[in-house]
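Order as written gives the chain letters A, B, C and D; numbering starts at 1 within each chain.
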Amino acid sequence: METNPCNNPTNTGFTVPVRVSRESRPDGTIVSINGVEVGGKEVVVISGPCAVESSEQLFEIARTVKKGGARILRGGAFKPRSSPYSFQGLGEEGLKMLREISRETGLPVVTEVMDTRQIEMVSEYADMLQIGSRNMHNYPLLKEAGMSRKPVLLKRGMMATIEEFLLAAEYILNQGNTQVILCERGIRTFETSTRNTLDLGAVPMLKRLTHLPVIVDPSHGTGLRYMVPPMAKAAIAAGADGLIMEVHPRPEEALCDGQQSLYPEEFMQMMADLKKIAIAVGRDISLP
Amino acid sequence: METNPCNNPTNTGFTVPVRVSRESRPDGTIVSINGVEVGGKEVVVISGPCAVESSEQLFEIARTVKKGGARILRGGAFKPRSSPYSFQGLGEEGLKMLREISRETGLPVVTEVMDTRQIEMVSEYADMLQIGSRNMHNYPLLKEAGMSRKPVLLKRGMMATIEEFLLAAEYILNQGNTQVILCERGIRTFETSTRNTLDLGAVPMLKRLTHLPVIVDPSHGTGLRYMVPPMAKAAIAAGADGLIMEVHPRPEEALCDGQQSLYPEEFMQMMADLKKIAIAVGRDISLP
Amino acid sequence: METNPCNNPTNTGFTVPVRVSRESRPDGTIVSINGVEVGGKEVVVISGPCAVESSEQLFEIARTVKKGGARILRGGAFKPRSSPYSFQGLGEEGLKMLREISRETGLPVVTEVMDTRQIEMVSEYADMLQIGSRNMHNYPLLKEAGMSRKPVLLKRGMMATIEEFLLAAEYILNQGNTQVILCERGIRTFETSTRNTLDLGAVPMLKRLTHLPVIVDPSHGTGLRYMVPPMAKAAIAAGADGLIMEVHPRPEEALCDGQQSLYPEEFMQMMADLKKIAIAVGRDISLP
Amino acid sequence: METNPCNNPTNTGFTVPVRVSRESRPDGTIVSINGVEVGGKEVVVISGPCAVESSEQLFEIARTVKKGGARILRGGAFKPRSSPYSFQGLGEEGLKMLREISRETGLPVVTEVMDTRQIEMVSEYADMLQIGSRNMHNYPLLKEAGMSRKPVLLKRGMMATIEEFLLAAEYILNQGNTQVILCERGIRTFETSTRNTLDLGAVPMLKRLTHLPVIVDPSHGTGLRYMVPPMAKAAIAAGADGLIMEVHPRPEEALCDGQQSLYPEEFMQMMADLKKIAIAVGRDISLP
């Protein structure tokens, strides 16, 4: 962008794709998920279980996170699992539970879509489609999501460069859908003491390069519960527009990702702390 | 440490070495650099040029960073450079300049030591010895630093795991020197749009595993000037005890690392912002 | 597998999934692609252009590689490209060209499938389905490939561990399709002077852990033409059952991956050299 | 080097430093270690224990590897260990054992030097100085090695790019010592099922870029005994001028790296196989 080598936006000098480029919308994009706006002054927290396990579980968590200040409910019905023998999600049944609990709590819901053939069905139940880290390079899926009219939460591939991440978003915008939120969720590195390495530098870089809102997932980004609150604070301090994180009332019984899910009381405490950071950087989080 | 798998401090379950382990000093260690304490309530900022270039340059920067709120002056006299044809530093002459300007400004100085044979000389001039990223695995140097009576700033190897970082610190403590500060400065990953990937997750993990103070270097961690302020804020939000960063009055003329050095006015503005974050996490930065 | 720590098959000790485990078929699996057997004594070379560009181009290359000793023709009709603005392949038209040229030359063809909705169509034209690196984690696609009756060439994800690679293959076998060939094609590391880092250590490890044939792609694994012949030799020396590589008569005009495509005469020369290595490790390559 | 983008020697286009550049010595350099030449037609095998443990152990291994066809004896007297509590080597006592057994067997010896202060002493006993992976960025050590008159075996840093590796060698040549052998020994990646990822692509790239001989260490490069023979074969097939590998009569009792050390009988068998590969690529290994 700039020509002074002392003000380069990146070390590698790649060209930002035209539709996602901040130059094309200098004021930034606000994505609206059934009335909840991401990309404005308010920092938005998305929370819920890793996977929808049952109607009771989901309802218990939804009430908790709403009380804590979350504005959007997350929960997986289709789960991409490394092993074919791991819990694969409840499928359409899980989607129905999400829709029902959305109605009861008033929280919009976001859930993952893994296959082009699922987009139509998932769109009937969800307020935002999530494209997960393993599918960031799934171009047919990106194109289909671009043809849908739903907002899309696009997670960075665990081994995708910033350039590839922006190009993946460009696939969606190029089909006419500009309601895209980018999510940094940790990259794979040589360091294995955390599940992934949360690349918070992606936040200021993406905010500079693109007009799309940027959120952070400290649950997958670290894989360790006690690291979620400090990294959530750090994400807001770095300029993130929102957070997505996992909460479970009994993590030790969770069907997936228990080790990184917050206990409800931890979530409550953290939200109060996050508000302080948001204010310190000139933003806010509305707590109930 | 814990036995509940839902409360693991790391994914890999390595054993923290005995002398650096937080269990051995649950209240944490405060390192004192000629009266400036790191590891207490105050967040300490260390700043200065990448390399000492001249007495005038150093004095100009020292006054600037002191005015901005830095408590310790940094500056390289011996520079580890990838190429034998790059500027290698002023050597002892640079050390003398550091000492003189320390006397004039009252700021303690930290500077890098690259060779076991330099430790005695550098110790005559510096208040704290820095062991750089490329020497984190230099065990003879770690042992010699452990035998010195100077505080040591130990930077994480750019491709060192947290476990190896703690073991490197253990080499120093094992020789009787407990005045060690750990510094996260970015790791090498597949992502090259930033110079390194700043691993802020290292901050909460190290704070949990060890009693040693932990600081962050957002200059080397990103390599890009505009990313330094947001990542500095994020580091404090994540729990860092301090920061080390590069400032240069004319970065485009700097003999090294100009692209990541802050302009003086950026440094001033950033310090005011950092204070707000420090307060939001229950800490403080004393500004002049 | 073993209990003597001095004979561990891996450093991490993961459990090999049951259906792909060598223990379940100690003698190894031979995959037959329309009569061409991979996994036996013969080392099989698959070659062709990166993308099908035209009938003439494809026919020219097919004759060349057949003459050189290739036994199977490769060519992309659906191309996964990082940018939506890059050439995306000829689609079904390209598949028809592949089929026609297969008929004329007698070479079976392998081509990539990127979407569950394409499997039926691609199966009509191709003798083997390729699942590319970017889709190794695409579980719905793996399941559908597992339900097809076509042999599957599964490429390792550029970010996938050996454990994840085996689990991806297990998804296919778990649906009843045991005709799976594994392909090491380079992983993403900090080193960017090559396009990827070809992990030839994957060959002996996979051969020990699983009964499936293992081949290597030195074109994508290096991204540089002059490195293809030496790495092809190395792959056979390491125990690979085959190779897949790109050839183009005018690489400088190729619509994709020209820099890594061999000139026809290079291919010819290389094949003679590969035969020598094959014989040196007790195998063979039948040249015309 | 070339200007046709289809014949680039690297993806990143870095400039090869002048003294190591192949352009400065197109015919290549032959390094002579007390009469044993590396870089000529003969592929040279260096072998011995990880660490010198006792005179008896060293003598037993030296006779074995000499009988198998090794031309140079390796063995560590100063060992760089991640933990201060691991065996650190026998020091000068170990050097004396190396010298004595060299005299008895006629094998020249190579051993690691970790500190500038050790170079003089080690030079009295060793025929070649090894600079280990952890010290590839230790510039004072490189300079001192450049001032010595001994041949230097420079191992690639586990975190070093090819460009940095060449620059490290340039530090040595720049001091007047051109007797440098480069050793690829595995890099650190996300894959942890092997100790390191052996980057055999480094061999053809280095052979093209520099006139210095290139050898490979399949022991450290994999960390697993059964992978050593196939990767040794692959290294020769890729064009390596030599190999360095660990042998131990009772690996399960070794004081370090037992899991990657070959049993004597494995070494013998492997050498016969390596000779076949060497001949297949137009080189040779002289067996006793």
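By our rule, contacts are C-beta pairs under 8 Å (C-beta built on N, C-alpha and C of every residue); 3 or more make two chains touch, one makes a residue touch a chain.
What you see is a predicted model; the values in this text were computed from it and never measured.
Novice: Which chain has its C-alpha centre farthest away from the C-alpha centre of chain C?
Specialist: B
Novice: Taking contacts as defined above, which has more of them, B-D or C-D?
Specialist: So, comparing the two chain pairs, more contacts are at C-D.
Novice: Matching over half of the contact pairs by residue number, can you pick out the copy of the A-B interface from B-C, C-D or A-D?
Specialist: Copy of the A-B interface among the listed pairs: C-D.
Novice: Please work out the Cα centroid separation of chain A and chain D, and write it as a whole number of Å.
Specialist: 47
Novice: Quick check: how many Å separate the C-alpha centres of chain B and chain D?
Specialist: 34
Novice: Just how far, in Å, is the C-alpha centre of chain D from the one of chain C?
Specialist: For chain C versus chain D, the centre distance works out to 32 Å.
Novice: On chain D, where are the residues touching two or more other chains?
Specialist: 159, 163, 188-190, 192
Novice: Please name which positions on chain C make contact with chain A in the complex.
Specialist: 17, 80-85, 114-118, 134-135, 137-141, 143, 158-159, 163-164, 167, 170-171, 174, 188
Novice: Can you name the residues of chain C that touch chain B in the complex?
Specialist: Going by the criterion above, the answer is residues 188-190, 192.
Novice: Over in the complex, which chain D residues touch chain C? Could you list them?
Specialist: Touch list, chain D to chain C: 4-12, 14, 159, 161-163, 187, 189-195, 197-201, 203-205, 208, 221-227, 230-231, 233-239, 251-252, 258-259, 273, 276-277, 279-281.
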